[in-house]
Amino acid sequence: MKIKEIEGESFVTLIPVGDLDANSSIEMDECMERQLNSGVVNFHIDGSELQYISSAGLGVFISHLEEIEQKEGKIVFSGLSQNVQDVFQLLGLDQIVEIFPSSSDVPNLFATS
Amino acid sequence: MKIKEIEGESFVTLIPVGDLDANSSIEMDECMERQLNSGVVNFHIDGSELQYISSAGLGVFISHLEEIEQKEGKIVFSGLSQNVQDVFQLLGLDQIVEIFPSSSDVPNLFATS
Amino acid sequence: MKPSIQVTCTKANLSAIRHFVKEQLEAMAVAEKTAHQIVLAVDEACANCMIHSHQCDNCSVIEVELYRDTSTVYVEIRDSGKAFPMNEYRPREIEDIIRRRAKGGMGIFLINRIMDKIEIEEKAQFAVYRFAKRLNGQPLPPSQGIKTA
Amino acid sequence: MKPSIQVTCTKANLSAIRHFVKEQLEAMAVAEKTAHQIVLAVDEACANCMIHSHQCDNCSVIEVELYRDTSTVYVEIRDSGKAFPMNEYRPREIEDIIRRRAKGGMGIFLINRIMDKIEIEEKAQFAVYRFAKRLNGQPLPPSQGIKTA
């Protein structure tokens, strides 16, 4: 897995490329930690190049939900494939986090918030 | 592997998605045969979603080069990843077939030919 | 023989296991959504073995075998670690996991959601995890009959 | 143990072998271009065994083992088929392959282009293909020293 990072004005976009599994989740976690430590609180996870996610991959995002909320930030997802979305649904996570069909829906969200 | 097929006016675009290896090459070959049998002679292989190719995958295209030339058609490639392009180069195939950086370079070619 | 894969236990090998399962299920004509769920459940179970039941990387092996009959896909995972009674494990609620800021604790929940049957057997040298997933009428692949043994 | 994968011989399992090699080379800090070439050479060699040295699908196994030292990546492929002396095979010219409208005949050429050393050993029960690829100064991964045995 690789992670592309795009720093926007009011939020950071992270684009995990490939598979986010128990092996690569460590790298994703380090990336999230680094962003949070540098003061970022608004995250856009662009899933358009994410081919697979397991519970360990989702765990990276889940474990930071409380901290992001406490800091009055937000984490949203976009462009998830059917298969990736299915994992959110199996866990009931689709009821807890915001998921947008396309990454173009996201900038407005952070602009108005 | 999946193959997307887009029928243009003067050529057909085939987009192999995933890995084209000794296993999936059979499907690709059936697709090429079907197109050739239906009278298509101009092929654009859009490699932008092709993650891997082995000699068996390349063999599908190579084995039809003569027939396409005989029928005064053309086969061109576009959007190959570094890794896929590397296989063309290792075999010296990049000197034999036309490879374009992007799929947008292709329509003009067939229009003017 | 039934189609199988055996890899040394290290998380870097989960990707190979997933691709084995994915390609085999495609060859068995299992629908994509079902196939992805089976891949996920096997990945979760193998990750658990690699993370929780072994002390070091590449010092033991894990094996996955896969087959189907008309109605069902069967998975058998043989791990050289100690058997873990995952069918007795009570997963936490997702809200609880969020509150605790935990990075895990959802794997067995997912396996339970996906699989119709889970059996664990403790052998002398290894543990066997057997899963079954019903296909609800998905047809067999054309030409070939699937050998189940 | 050295990292290894063993699968039943069927072309659907080539994908798992490639992902095993890819992930292991990543863990060994091998540069992407070199890693891809090694994946390709292993895929070609395993495909040959599956296609040419076995009579049926899933009726035997193939094993791939991978390790590196400071300067070199080593691959060992153990196939239960008869050893094929690929180092004696003289590949055709690509122009010749095109003229003959052949669908293959480029695998061993690629393996030769990529690998620095190829050895074949015929054992009683199986064939061993050993490849070595020099890394020309690519550094070892940080923290971990790589165990070569």
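A few remarks follow.
Letters A, B, C and D mark the chains in the order given here, with residues in each chain numbered from 1 onward.
One rule holds for everything that comes next: a residue touches a chain if its C-beta (ideal position, glycine included) is under 8 Å from a C-beta of that chain, and two chains touch if they have at least 3 such contacts.
This structure is a prediction, so every number in the text was calculated from the model and none was measured.
Steps from subunit A to subunit C, minimised over paths through touching chains, total 1. Centre to centre, using the average C-alpha position, subunit B and subunit C are separated by 37 Å. Chain geometry summary: the mean Cα position of subunit B and that of subunit D are 26 Å apart. Once the centre of each chain is set as its mean CA position, subunit C and subunit D turn out to be 27 Å apart. Counting only residues that touch two or more partner chains, subunit D has 12, 15, 18, 23. Multi-chain contact residues of subunit A, defined as those touching 2 or more other chains: 23. By the contact rule set out at the top, the touching chain pairs are A-C, B-D, C-D. Per the touch definition, subunit D reaches subunit C in the complex via residues 1-8, 10, 12-13, 15-20, 22-24, 26-27, 58-61. By the touch rule above, subunit C contacts subunit A in their complex via residues 11-12, 14-15, 18, 32-33, 36-37, 39-40, 43-44, 47, 50-51, 94-95, 97-99, 101-107, 109-110, 113-114. Per the touch definition, subunit A reaches subunit C in the complex via residues 19, 21-23, 25, 29, 52, 54-56, 58-60, 62-67, 82-83, 86-87, 90-93, 96.
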